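Next up: some structures, all given as structure tokens.
Below, subunit A partners subunit B and then partners subunit C, in two separate complexes.
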Partner chain A sequence: MLEKQSNVKAWLYLAPAMLLLSVFTFYPLFNAFFLAFLRDYEFLLGSARGFTFLGNFINVINKPDFGIAMKNTAVITFVSVPIAVIVALMISVALNSIKKFQGFLQTVFFLPYVTNAIAIGMAFAFIFHSDYGLLNTMLGWVGIDPINWINLRQAGNADTSWIRAMFALLVYTIWGGLAFKIMVFLSGLQSIDKQYYDAARIDATPKRRVFSKITVPLLSPMIAYITITSFIGAFKAYRTIIGMFGESLRPPGALSKDSLITIVGLVYDSLAHADATGAISEAAAASIILFLIILAFTLIQMQVSKRRVHF
Partner chain B sequence: MELKMNNSQMNVNQREIQIRQIIFKTLIYLFLTLFAIFVLVPFYWMVLTSLKEIDEVRKSPPSLIIGFSQIRFWANYVAAWNAAQYWRYMLNTVTVAAISTTGTVFTTIFASFAFARLNFRGRDLLFLLLITTMMIPGEMFVITNYITVSRLGWFSPIASQQSLLDALLALTMPFMTSVFYIFFLRQTFKQIPDELYLAAKVDGTSDWKYLWKIMVPIASPTIITITILNAMGTWSAYIWPKLVTSRDEYRLVTNGLREAYSDFVGQVLYNQQMAAALIVTTPLLITFLFLRKYIMRGVSRSGIKG
Partner chain C sequence: MDIKLQKVTKIFQAKDKSETVAVNALDVVIPSGKLIGLLGPSGCGKSTTLYMIAGLLEPNEGRIFFGDEDVTDLPPEERGIGLVFQNYALYPHMTVRQNIMFPLENIKVPKQEALSRAQEMADLVGIGELMDRKPKQLSGGQQQRVAIARALVKQPRVLLLDEPLSNLDARLRLQTREEIKRIQRETGITTVFVTHDQEEAMSISDQIVLMDFGVKQQVGEPQFVYDKPINLFVAKFLGTPPINLFAGEIVKNKLLLADGKKYRTETQAPEHQEDLTEDAIRAMTHEVKVPICNVEIMDKKAPDGDVVIGIRPEGFVVDEKGPLELEIFMVETIGRDTSLVVKDPFDDNKSYRIIIDSSYRVKAGDKVKFSFKPDKMFVFDKTSGDVL
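This part shows the complex of A and B:
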């Protein structure tokens, strides 16, 4: 150690951040667990009738929306993330291999990174509009009749509305996830030593082999990082759904079984009725369920990447 | 020409390789163009719709190009702007962004300095603790923060009981610091060589002066990145402002998007809706195009967007 300890001074520098973090980050973290075990917590009075071990969790799981939220979250995560990662990887490798227009195309692919999830969600909702939407117009060119993606004209006609609305949401989710992944992959590709590729060229290695034996292994730390963060992000999907469908979280006129609610949606749903008995505790329980899912998943991912990633 | 073709197998092979390469290049450009179109389509559709007359919008199938004479340059934007008291929202957003960004920058500089430069008991443990909280979903914090803000009297579901000051406190106080930015700036501070610090110490420079005269100027690109990312975060905030404001006039720009843009029979006015979406999107895009260098610095380390 080159310098003496300076405990008092260090804590003075730390004080503003630590004070704020204590109130708005550390305390809420512990309090979430506390709230989740309170019986009949009354938010307005701040009182509860003792503790319950799993009562609030059981209440959350017994909600009719819980199964739907789990299904939606799982579909969004396990469909959109792999597709977006693979497409982003292909775009990055393609972008990295060209010279002309590289800068321009790069800017185009980066654009969605900064956009507002609500605003773009509204644009996507209008692209998928059954009468005036762009997609149905384009499908018309190849002779496909308009599909009722997310605008239900009669409520009775809603049997398969979930799958269509989910399709639209997945397209938007993939669109929204590409930019960040391409940015990370591209910076990873640009840092790969050119010697590997020169050696492969001398050996006349086929392009596919170069991709699978050089590019992917050397990019594997980025792929692992992107996969973990994307899965975590997808588990927390919520804003995209508000953007496309509004706060009802479902296409107009859709039945509640066709809702696109997610686990985060459950949290905010309970929070919206904060003054109802036990609602805050249920929100806390739902957020802990989300936390546990993310934790379990991150641990599994880290185990897998330990074995597969070449650092 | 003929001669060449006949007497050398090499040349044929080379030409074949060349042709194959041209086809390959073409396919790559085709692939990239298709996805570039996919990325741009929502923007195009927003702009196009926002320039259309409502009768033109409610036409099935819609036109994908409109003539110059049909363009309504400002009418939809003016209508969208007025429909949701955007002046107010913009003013609120700029105020909230200014307060929370200033706060965040200062608290982050101080904390990062302590973690990167000062030597105190429990430093590494505390830092590890901080980083761990980055993995926890924000919804876990939101619940208690909602209670805290209510108990402090900054938010009440009864509109008349929330003053502008209350609303500003509720909107800014939970966002006056950030673990991610502390982590980010500490990494930058760490890269500044120790020799500089020791030399400054020999000259009798105080820590305070060293931080502001040496470290902050050297780390200024990172601090600019933090400023931009934080301000853009406020601009796009939706859930928290909605949760802790009881009156429309305290909300932020993104909240204005979800207001009803509909005519007197309840039909959605998509052209105005898209104009509003563009009003909110355009400043972000302009910021990105001009300050991309700074925004990209944050990307390599961040997981803020997935």
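This part shows the complex of A and C:
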């Protein structure tokens, strides 16, 4: 009796959220699956010529940008995430070990989190500007000639433009994601019992061993959480590129092969031409491809963390 | 190797600049190879003292010696100590074996040797079968033994234990304290054992160091400290049931059990007496002063004045000619002894515990006269609390 009552209450509390989720998440989700299998879907007319099993997927894969998008997404994911996690871990451990200004420094590192990604992207675009950019100015102090990071107009070697632009993008991506990671790691570190460290001191544990044998294992649930969510976030990279390079998704003047388009970029690209036949279905298909990649990858990570994470 | 603390003081400063003197000019010598119980009420500075010996806390003043070596400025890793924390601090992600081997790996002991030493130590503390378990899969007592094994495996010069039994249930506590005593004897390692449980400290320590508010009160063999407390705090802290306290007075080398009026002034704020009628005061006041023994008998001379008389529960003797008559409130026969609860004749809220031989037949409601064993009776100065 009592249990039933509380059950009803629980459902009532959940109802508003469930309603919103149904309208804005579940319905679009199922709709995307549906759209991805329609043949020649016309968005404006709402008409289609029956179903196709792989047609839309093949169209996506045959797009000239598909390979580039896959490569960019992979590079962003597999370079930025490991570096970001390690850097965040280092900064958190350092922050956690200092006594003075800890609160102040925590705030400083947390600021990017409450700042708009597009705004930060524009700031970074300026930092990497070849004539007025902060980075080149600083390089100038140590005698290094200005480098054309992201604006190619001023000539430079066009062949390496992708590398330079990607470098700038990675720096921005890593930096932009640090705040949240640091916050999670710091709260994790602060919840580790200080006595473990006292015990380690008594036992004459070298600093590096304290880090690898005590801090990392005890923080491993947080590390796993951050790694998995960061990978998912990186697979979905798009906002960062818009913020830095604008809607062209590439440095001004760069060739289309040097574009920094990602898979989500492909989706938006198709959506931008929604009036073309089948464009919406291609967008749906592209997002399903991304979904499958993320799903597979997350499953692998969960499997790994089962063995590596100490809860 | 003995441990010497010389005038060791630790002051904690809070954020608002208020200071806590956790340990105050502590002077103690811990003899080599002995088990010392560091005993005192909660917050008296026991853990602080232990952590200063360990090197995890730095004293504000004073020096600490291990043998002849001044270790005051030595970091903990160079002191060669083993420490068992109050909640064990076993690394939760490591197995028992990994936990015990950890200190050896730190000092680069070869793997094979580390393995065999870990096993040897685990066998000594009786957890040799549990080497592949994680701490979470062990009982409190087993965890505690892992912690001891981890502390001992690197063969420290000193073993420090911070209330290691406080998380255990009563039976396991008894069992493990015997265990600790046995391990200490077998290894012969100088050991400091912190506890706030007087019975625990008395039962396993070669010597106890009794502290209160960061100040050393008395040091000595448990039985000696129990028999010859130097002040009221020590007498009250040791012994179950606790010592019975009476207000008393010394007049011309005679010790008197104080009259009822004095009891009243003890339990009631004196200013209230002015509000009472004379009759009421007389009704509450017992004018009889009962001489119970001569101070001369106790081989002590003391100036006239107010005192506190402490009588151990076992210090009462049923005696028809005894000076003090008490009404029995409750009787508990516990085998060899009989434990009596009596009401304070002058104050209903106070009661005393008396332990007599069970051959005496006593029942609740009886009025029994008692005399006292002089060596179970102590007289303390009322203001300083020092024994007279």
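Going forward, the second predicted complex is superposed on the first by the 288 of 311 C-alpha atoms of A that agree within 3 Å, B and C clash if a C-alpha of one lies under 4 Å from a C-alpha of the other, contacts with A are read in each partner's own complex, and residues count from 1 in each chain.
Assume a contact is a pair of C-beta atoms (placed from the backbone, for glycine too) under 8 Å apart; a residue touches a chain by one contact, two chains touch by 3 or more.
Note that this is a predicted model, so its numbers are computed, not measured.
Enquirer: Sticking to the clash and touch definitions up top, decide whether subunit B and subunit C on subunit A clash or fit.
Expert: Fit: subunit B and subunit C sit side by side once superposed on subunit A.
Enquirer: Can you pull out the angle centred on subunit A between the C-alpha centres of subunit B and subunit C, to the nearest 10°?
Expert: Given the fit on chain A C-alpha atoms, the answer is 70 degrees.
Enquirer: With both complexes overlaid on chain A, does A:L218 touch subunit B (first), subunit C (second), both or neither?
Expert: second
Enquirer: Just subunit B (first), just subunit C (second), both, or neither: which does A:F126 touch?
Expert: Touch partner of A:F126: subunit B, not subunit C.
Enquirer: Looking at subunit A, does subunit B or subunit C touch a larger number of its residues?
Expert: After superposition, B is the partner touching more of subunit A.
Enquirer: May I ask you to decide whether A:D193 touches subunit B, subunit C, both, or neither, giving the answer as first, second, both or neither?
Expert: It touches subunit C, and subunit B stays clear.
Enquirer: Which partner does A:N136 contact after superposing on A: first (subunit B), second (subunit C), both, neither?
Expert: Only subunit B is touched by A:N136; subunit C is not.
Enquirer: Look at A:A279 in the shared chain and tell me whether it touches subunit B only, subunit C only, both, or neither; answer first, second, both or neither.
Expert: In the superposed model, A:A279 contacts neither subunit B nor subunit C.
Enquirer: In the overlay, answer first, second, both or neither for which of subunit B and subunit C A:D203 touches.
Expert: In the superposed model, A:D203 contacts subunit C only, not subunit B.
Enquirer: Measuring by CA atoms in the overlay, how small does the subunit B-subunit C distance get, in Å?
Expert: So the smallest C-alpha to C-alpha spacing between these two chains is 6 Å.
Enquirer: Applying the document's contact rule, which stretches of subunit B touch subunit A when the two form their complex?
Expert: Residues of subunit B touching subunit A: 24-25, 28-29, 31-32, 35-36, 38-43, 45-46, 49, 57-62, 64, 106-108, 110-111, 113-115, 118-121, 123, 130, 133, 135-148, 150-151, 157, 173-174, 176-177, 179, 182, 194, 198, 207, 232, 235-236, 238-239, 243, 254, 257-258, 270, 273-274, 276-278, 280-281, 284-285, 287-289, 292, 295-296, 299-300, 303, 305-306.
Enquirer: Spell out the residues on subunit A that touch subunit C in their complex, using ranges where they run on.
Expert: Residues 193, 195-196, 198-199, 201-206, 209, 213-214, 217-218, 220, 310 of subunit A touch subunit C in their complex.
Enquirer: Spell out the part of subunit C that touches subunit A in their complex, as residue ranges.
Expert: So the residues of subunit C touching subunit A come out as 54, 56, 75-78, 81-83, 85, 87, 89, 91-93, 102-103, 105-107, 150, 154.
Enquirer: In the complex, go through subunit A and note every residue touching subunit B.
Expert: Touching subunit B: residues 1-7, 9-11, 13-18, 20-21, 23-29, 31-32, 35, 43, 46, 87, 90-91, 94-95, 97-98, 101, 105, 107-120, 122-124, 126-127, 129, 131-134, 136-137, 140, 146, 175, 177-180, 183-184, 187, 207, 225, 229-236, 238-239, 242, 246-247, 264, 267-268, 271, 274-275, 280, 283-284, 287-288, 290-291, 294-295, 298 of subunit A.
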